[in-house]
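Each of the next two complexes has chain A plus one other chain: chain B in the first, chain C in the second.
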Partner chain A sequence: MKKLGILPKVYLAAVFVILYAPIFYLIYYSFNSGDGMSNFESFTLDHYQAVFQDTRLLIIVLNTVIIALLSALLSTTIGVMGALTIYFMKNKSARQAVLSLNNILIVSPDVIIGASFLILFTLIGVKLGFASVLISHIAFSIPIVVIMVLPKLLEMSTTLIDAARDLGASRKDILTRVILPYIKPGIFAGFFLALTYSLDDFAVTFFVTGNGFSTLSVEIYSMARTGITLTINALSGLIFLLTIILVLGYYIIGNKAKSPQGVKK
Partner chain B sequence: MKGLINSAFVILLVSGLLLFANYQLEHKAGSAGKDTITVYNWGEYIDPDLLKQFEEQEGIKVIYETFDSNEGMMGKIEQGGTAYDVTVPSEYAVQMMEEKDLLLPLDFSKIPNVQHIDPYFMNLPFDPDNQYSIPYFWGTVGIAYNASLLEGQTFESWESLWDASLRQKLILVDSAREVIGISLNSLGYSLNSTSLQELKQATDKLETMGPNVKAVIGDEVTQLMINNEASVALTWSGQAADMISENDDINYIVPNEGSNLWFDNIVIPKTSTNVEGAYKFINFMLDPEVAAQNAEYVGYSTPNTAALSFMDEDITSDERFYPDEEARKNLEVYENLGLETLGVYNELFLKFKMGLR
Partner chain C sequence: MRNKNPLRFIYATPYAAWLLLFVLAPIAVIVYYSFFDLSGHLTLANYRNFFSSIYFKLTMSSFWYAFLITFFALLISYPTAYFLTKTKHKQLWLLLIIIPSWINLLLKTYAFIGLMGIYGPINAFLETVGIGSQQILFTDFSFVFVSVYIFIPFMILPIFNSLDKINPTLLDASKDLGANAWVTFKRVIWPMTTDGVKSGIQVVFIPALSLFMITRLIAGNKVITLGTAIEQQFLVTQNWGMGSTIAVFLIIFMFLIMVLTSGKKGGIIK
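Take a look at the complex of A and B:
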């Protein structure tokens, strides 16, 4: 690999500084003993303590994470099946139509999706709360998963399937031993994208929360009217730290799997 | 394939653990009986300790939810699907909710503490006889300014906002009625004007303010003022109080020609499933000591006269936030102007914003 010149290095560094500066600025003030982001008075951990004492906030954080994990898991499962169905469709124009319908859902505004869900849920009598939020998050994540998995499928050489069939693999074997391992990176990419979409979605979630069930994005938006307290800075810092740990963990596991001992079965 | 199934299993396990933790937390939070009420309020608009106090005192668990705009709140209540027992709309929203038949009339015999509310704030045009609502907090619209960045202006009149020395210094709130309102006020017209001619005159005058306007924004203004990045802002009294507590150079004034007096009000929506609990909650919030604690936490002005004696004198004697009756005479409460006139306001405001450079 060619070594990077000095200019690209500077450019890269600048990009990272711009991306991370706001986050570090926010975390820096979470240690502020004053009660604003205007001047730093002295170091304190009070705001972190406040996060763990505020049960309502903790419940909301847990809700947010549970919804994100479950909706990402379920939407990945459904999305992968959807992508496979689209891939194996014989009729070209039907396939194109389904794919377009999928893409329309990706570009349609969140507000409209949220409002439609609210109307649907009240129409069929689903109580707003955990279930309604989960269902709507699954719904808006499925198209994203499909769009992440499909390119991997299309990239896969068809001779791979033919070869497996020639060697006597059953339909189930082809799916579980050839196709799924091949598209695994796409599946994980879809899962993580669905996870982040669910974590930070405000517009859809606002419409479908209720009965004491709320998520972090909705809560922080409501707080904005009277100014966001440094407790939120502390909480953001903790979530950022957790994300880094998760990404590092994923990276380490990924590297291990690639090492010679861990040959895929 | 095995890897995928394992991953899925791990995720399920983690979610299960989190659900368990959540269950534990919720159990710890709501120790009270099976009676519950759902309160729908603005973000950061109540002292959380008071909720606990209410739960212990009455044995009713409070499910607390927040919203960030009157319109969003009304939308959810209108659609149903969740049973809110108490909510806190602004004055024009009370009127709209009443017209849409979303509110229950109040039975004052169940709210004895209503006697502590200043009679001045009762029986207002948006809800005559307080049939549906009781004021929760109130405030004004005025000018926040940073004296150290200016040349001695004091903004006793709205006219001073047109002063040429303020070129590119003024920040306006992104809200049609407030901004057109200052122009109406400066011309001596009512804030609830529906006359097209008056509105036209007001926007024509507003356009000449153009060169002074630095930005038209929302809540970000608080931080800009605190950081000395802006010197003059049209804002609400509560926001101004936040600025003042952070930056001593900032002052707040309501110009002499008059201004808007706003209210957020407690109401019981028709969706309520525990009306008795809602009455208990309202009566609790109107208790003088509770109201005082709440007002000190939230920072807005309380309409509860009896509460004032429990509060820090520095707060209650501050005429910028508790103007005396004489000063209040000039203040006007918004009325619901109907969709059509509201559309005219919005359109004129949009035109003004587009004309800005």
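Take a look at the complex of A and C:
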């Protein structure tokens, strides 16, 4: 492999700087004792303290995390079931059709998902709030889990199942002791992605959240619309830290479970 | 497994229910609502309205912005992805490119309010260079810039994957046959990465049509995309009929773009 010349290196460095500049800019000013993001007066942890003293904000953070964990858990369960369903479909065109349907929510713009779910919940009579947000997050995470799990199933050799059956395993045994352990890396990857999608989602939540219930993204949006407060900066510092931990976790799990093909994001 | 399997029925049901309720039903209700006006009468007025000048102009400008955003994202991402595949620890570098996309979208957008503000560092820089401070925030430029920023990692990823799959011996063969770097790129590398480029365009163009929070926070309501219009109709004006009509068109565009950009291998991995 040829080594990179100086120009490509500069180019890559510039891209990295631009990608990280806003994030570090936010974190830098979270330590500012002044009241804005323009001149740095002196170092302070006041804004971090403010985050931890703001009970309303903490409740919102808690809501966000609960929604993310619950929706990731449930969507992973249903998504794995979905991947198994698709895997065992014998009819090729039917399988392709289900896969296309599966992918609709992945490519759909968030606004469409949000708006259509809003109508749907109103029609069915689901009260806007915790339940509607949770259901939406489960709904849009399921196809992602399917996409992560299905390749694992497809790469599994069918002789494995045949062998298990020859050895007298029941259908339930085949599922729990052969298939599930084999696709475990895919399941974990799906869970992590669902978790991050849920934590990150703004547009869909914004539509189905109603009054009185809020997640972090929606809260940041309304805070940002009213103007700059350094509490958001402190919050972003904490979120950045958490994200790094999550990414590292994802990376370690991904590396541990490295298969010949690897797991594509 | 040939005969009926009760276990399979158990796990097929929740997934099938999900497909029905959260994939098919939402599209159906959107189409259904697009035929109703504010007072609940069955009508085609929304569609007539859509083709009237304002909404048509809106759609055109939304497409123009989405095109610009996709174009610049591709322009920046392709070389980035290409150089990344040449680095020593490419998976690690790729991960570092991806990390910013995991940071909450709202926070990154919020950062640009500070960065691009009148007293922000960009204007301070322009001041020292001698250009003088400019109104950067709330312009077309800021909107396109921030959107491109947000989408770059999503464009790099598929292109990186397709570049990474290229067998290096092909490049050697090309060189042996006397092709220079440009010809090798044009005739060997680019054709083999079009699938990656296509899925990159897909994951950028469709969301770019429907952005609405960036338009509000960064473009100061000066830019209106299809997404902004839908949000406006649903949550501000409470005109679900008109909102649904715009949504129907957005869905149609989405399918068109998917058909245009779907590679042979298919499979959309975000």
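In this text, the second predicted complex is superposed on the first by the 218 of 265 C-alpha atoms of A that agree within 3 Å, B and C clash if a C-alpha of one lies under 4 Å from a C-alpha of the other, contacts with A are read in each partner's own complex, and residues count from 1 in each chain.
Criterion: contacts are C-beta pairs under 8 Å (C-beta built on N, C-alpha and C of every residue); 3 or more make two chains touch, one makes a residue touch a chain.
Keep in mind that what you see is a predicted model, and the values were worked out from it rather than measured.
Look at A:I66: by the touch rule set out above, it reaches chain B but stays clear of chain C.
Judged by the touch definition given at the top, the superposed model places A:L12 against chain C, while chain B stays out of reach. More residues of chain A are touched by C (comparison of chain B with chain C).
Legend: residue contacts after superposition of the two complexes on their common chain; A:I244 is shown touching chain C, with no touch to chain B. In the overlay built on the shared chain, the residue A:I252 is in contact with neither chain B nor chain C.
Within the superposed three-chain model, A:S214 lies in touch with chain B and out of touch with chain C [touch as defined at top].
Of the two partner chains placed by the overlay, neither chain B nor chain C lies in contact with A:L160.
Touch criterion met: A:T176 reaches chain B, while chain C stays clear of it.
Look at A:I119: by the touch rule set out above, it reaches both chain B and chain C. Once the two complexes are overlaid on the shared chain, A:I142 sits against chain C while remaining clear of chain B. Once the two complexes are overlaid on chain A, the chain A residues touched by chain B in the first and by chain C in the second are 36-38, 77, 118-119, 206-207, 221, 224-225, 264-265.
Against chain C, in their complex, chain A makes its touches with residues 1-2, 4, 8-9, 11-12, 15-16, 18-23, 25-26, 29, 36-39, 77-79, 81-82, 84-85, 88, 98, 101-120, 123, 139-140, 142, 144, 147, 171-172, 175, 196, 199-200, 202-203, 206-207, 216-217, 220-221, 224-225, 228, 232, 235-236, 239-240, 243-244, 246-247, 251, 264-265. Of all the residues in chain B, the ones that touch chain A in their complex are 1-4, 7-8, 11-12, 14-15, 18-19, 21-22, 25-26, 28-29, 38, 42-45, 48, 63-68, 72, 75-76, 79-83, 219, 222-223, 226-227, 238, 242, 246-247, 298-299.
By the touch criterion given at the top, residues 35-38, 54-56, 58-59, 62-63, 65-66, 69-70, 72-73, 77, 118-119, 121-122, 126-129, 132, 176-177, 180-181, 184, 187-188, 206-207, 209-212, 214, 218-219, 221-227, 229, 257, 264-265 of chain A touch chain B in their complex.
Put simply, chain C touches chain A in their complex at residues 1, 5, 7-8, 11-12, 14-16, 18-19, 21-27, 29-30, 33, 76, 79-80, 83-84, 86-87, 93, 95-100, 102-115, 117, 119-121, 149, 152-153, 157, 161, 168, 202-203, 206-207, 209-210, 212-213, 216-217, 226-227, 230-231, 234-235, 240, 243-244, 247, 250-251, 254, 258, 267-270.
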